[in-house]
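See the structures that follow.
Two complexes come next, and they have one chain in common, chain A, joined by chain B in the first and chain C in the second.
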Partner chain A sequence: MAAIYNLFIINKSGGLIFYKDYGSAGRMDTNDSLRLASLWHSMHAISQQLSPTIGCFGIELLQADNFDLHCFQSLTGTKFFVVCEPGAQHMEGLLKVIYELYTDFVLKNPFYEMEMPIRCELFDIHLSQAIQKDRVVLLGR
Partner chain B sequence: MIGVGGKIKQYSSVLDKPLSKGRQEVSLSAFAFLFSELVQYNQTQVDNIAELERRLEDAGYAVGARVLELFCHREKGNRRETRLLGILSFVHTTVWKVLFGKVADSLEKGTEHEDEYMISEKELLVNRFISIPKDMGTFNCGAFVAGIVRGVLDNAGFPAVVTAHFVPMEGQQRPRTTILIKFADEVLRREAKLV
Partner chain C sequence: MQFFGGSAAAEMTPSPAAPPGTATGLAGNNANMLYIFNRNGVCLLYREWHRPLHTLDAQQDQKLMFGLLFSLRSFTAKVDPTSVDKGNLGVPLLPGQGCSFYSFRTNTYKLSFMESPSGIKLILVTHPKTGDLRDALRYMYNLYVEYVVKNPLYVPGSPIKCELFNVNLDQYVKTLI
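Let's look at the complex of A and B:
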């Protein structure tokens, strides 16, 4: 069973710039993914304001009955989040790896326009390798 | 030289710095961002892909001309190659090693034409982070490296037309980059006389 259901990357204004689903569970159509991305962006921003702790950076983990949502926000406001099965481990590490791939193969690509949807072949290739590697680690447990 | 990490020694004056100690490395990320900006800037100045390729090649040409001068002094004790195969292996070995930290993957002679040579790289350093969009067709940022090669050859007295191409490899996900060198007639005539 796939541990990760979907991966989202949203730009600093809340637009979905990358979406990919893994496995049949939790698959959604384009409209739903766009809606969820902008909804998450707003919730994340509101949580920063509402948080009782000072200097809060927003929700990092949302736990529900049938999924976990792990979120990582980069310094520039780009958010990476994965929806995965409840209790899945090492997701922070995976998000960091994905962020690294984003900085390498998206930001260093002269043909990528900032804040626009990501269409980079090398990013796709390395991303699927990283996810594959993560699966092997999960199966090995 | 481009690579990861590296130490730069401080000298009080540039004249105190020995020329032979030229093994400094620069950050690969810094280079990748600079190169990306170079491509983006040139993209704003052109209206078609051929023009962009030409501009990148011209940028590389200036690098090649300087690189030849420096490496002949630094690596070869002020001697310059005068024979065709000599200069080709100089490009393939010395130039590649100092610029990219490794020898080029292969140097071959073209099978169809006598005046063609090819330097192939599985993954060219300038292309490491670059994905070409589908609508740009066969465009290759290796044009910059082709320009470097042309700069070296031209200034060493071997005028040539140098182009960069993607060549799909069997069993490989990514195509390799081939730098195709087509020498001018005069070079081959001169070479024939020397034998």
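Let's look at the complex of A and C:
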């Protein structure tokens, strides 16, 4: 049983720079994932405008009938979001771990161009390890 | 008369009884505002209890809210990882079609959403630490059925101006935790 279905990373202007599927039903093509990413970017921005009080930083958690979506925005505006099973715990922690991996293996990679799609082998390896670890933790409970 | 005969309303508590999952002692200012939209996107009701920040004028705010809900609905229907056939992004969805969301949370507020089978959308904005408000929204929908739909002077699709509805709504919202 997969706890996490998808992972998206979008840059500060709403472009999808990383997408990974961990076993969701039905295929989503590249165009759809790009569209979803930019849609999320704009809804994140709109949610800040609708806030009843000042200091809103956008949606952190979206709860739907069949999934939960956790979103983490870094200080530079890069957004990380995971689609997971309803009620999955410790997703904030996982997002922080992913962010750390991003800073270590993507941003510190001299060949990586900012705001461009992520193609870093080390990032992929460590990411799948992190997700795997998370799954082991979930199965162990 | 499009709002009559909703089966969902009949199955739920027939008339406003004791509100579910509410506190009596710790009645606070938890709720910020409530929007009711019909299926055409007309804002039937906007009520505000605690809103220090207004970024837009009322009409623009309501339009933006409806737009956000519309996009979020198609977003969740498309993202839904459990269904194989997801349809296309941006195509208007019928009430109850596809996977829908029921709440989202930011650091300053929580928005709870309910859509009735007839396309009435209830949106309640509360403090971010509030729990699950799906039952509360269903109760508010019941109030709407009782005091608005059953009001013979109410014209469906027009803004709600029913005194009794507002009084009962305010009373109920005060008990939310």
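Please note the rule applied: the second predicted complex is superposed on the first by the 138 of 141 C-alpha atoms of A that agree within 3 Å, B and C clash if a C-alpha of one lies under 4 Å from a C-alpha of the other, contacts with A are read in each partner's own complex, and residues count from 1 in each chain.
One rule holds for everything that comes next: a contact is a pair of C-beta atoms (placed from the backbone, for glycine too) under 8 Å apart; a residue touches a chain by one contact, two chains touch by 3 or more.
Fair warning: this is a prediction, and the values are worked out from it, not measured in the lab.
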Fit or clash - chain C, chain B, common chain A: fit
Chain B versus chain C as contact partner of A:6, first or second or both or neither: second
Comparing the two partners chain B and chain C, which touches a greater set of residues in chain A: C
First, second, both or neither for A:100, with chain B first and chain C second: neither
Which of chain B and chain C A:92 touches, first, second, both or neither: neither
Superposed model, angle subtended at chain A by chain C and chain B (C-alpha, nearest 10 degrees): 160
Touching partner for A:42 - first (chain B), second (chain C), both, neither: second
Which superposed partner A:119 touches (first chain B, second chain C, both, neither): first
Which of chain B and chain C A:108 touches, first, second, both or neither: first
Least C-alpha distance (whole Å) that remains between chain C and chain B when both complexes are overlaid: 30
List of chain A residues in touch with chain B within their complex: 104-105, 107-111, 119-123, 125
Contact footprint of chain C on chain A as seen in their complex: 5-6, 24-26, 28, 32, 35-36, 39-40, 42-43, 46-67, 69, 83
Of all residues in chain B, those that touch chain A in their complex: 29, 32-33, 35-40, 43, 129-133, 136, 141, 173-174
Chain A partner contacts - residues on chain C that touch it in the complex: 32-33, 50-53, 55-56, 61, 64-65, 67-68, 71-72, 74-76, 78-86, 89, 99-109, 111, 125
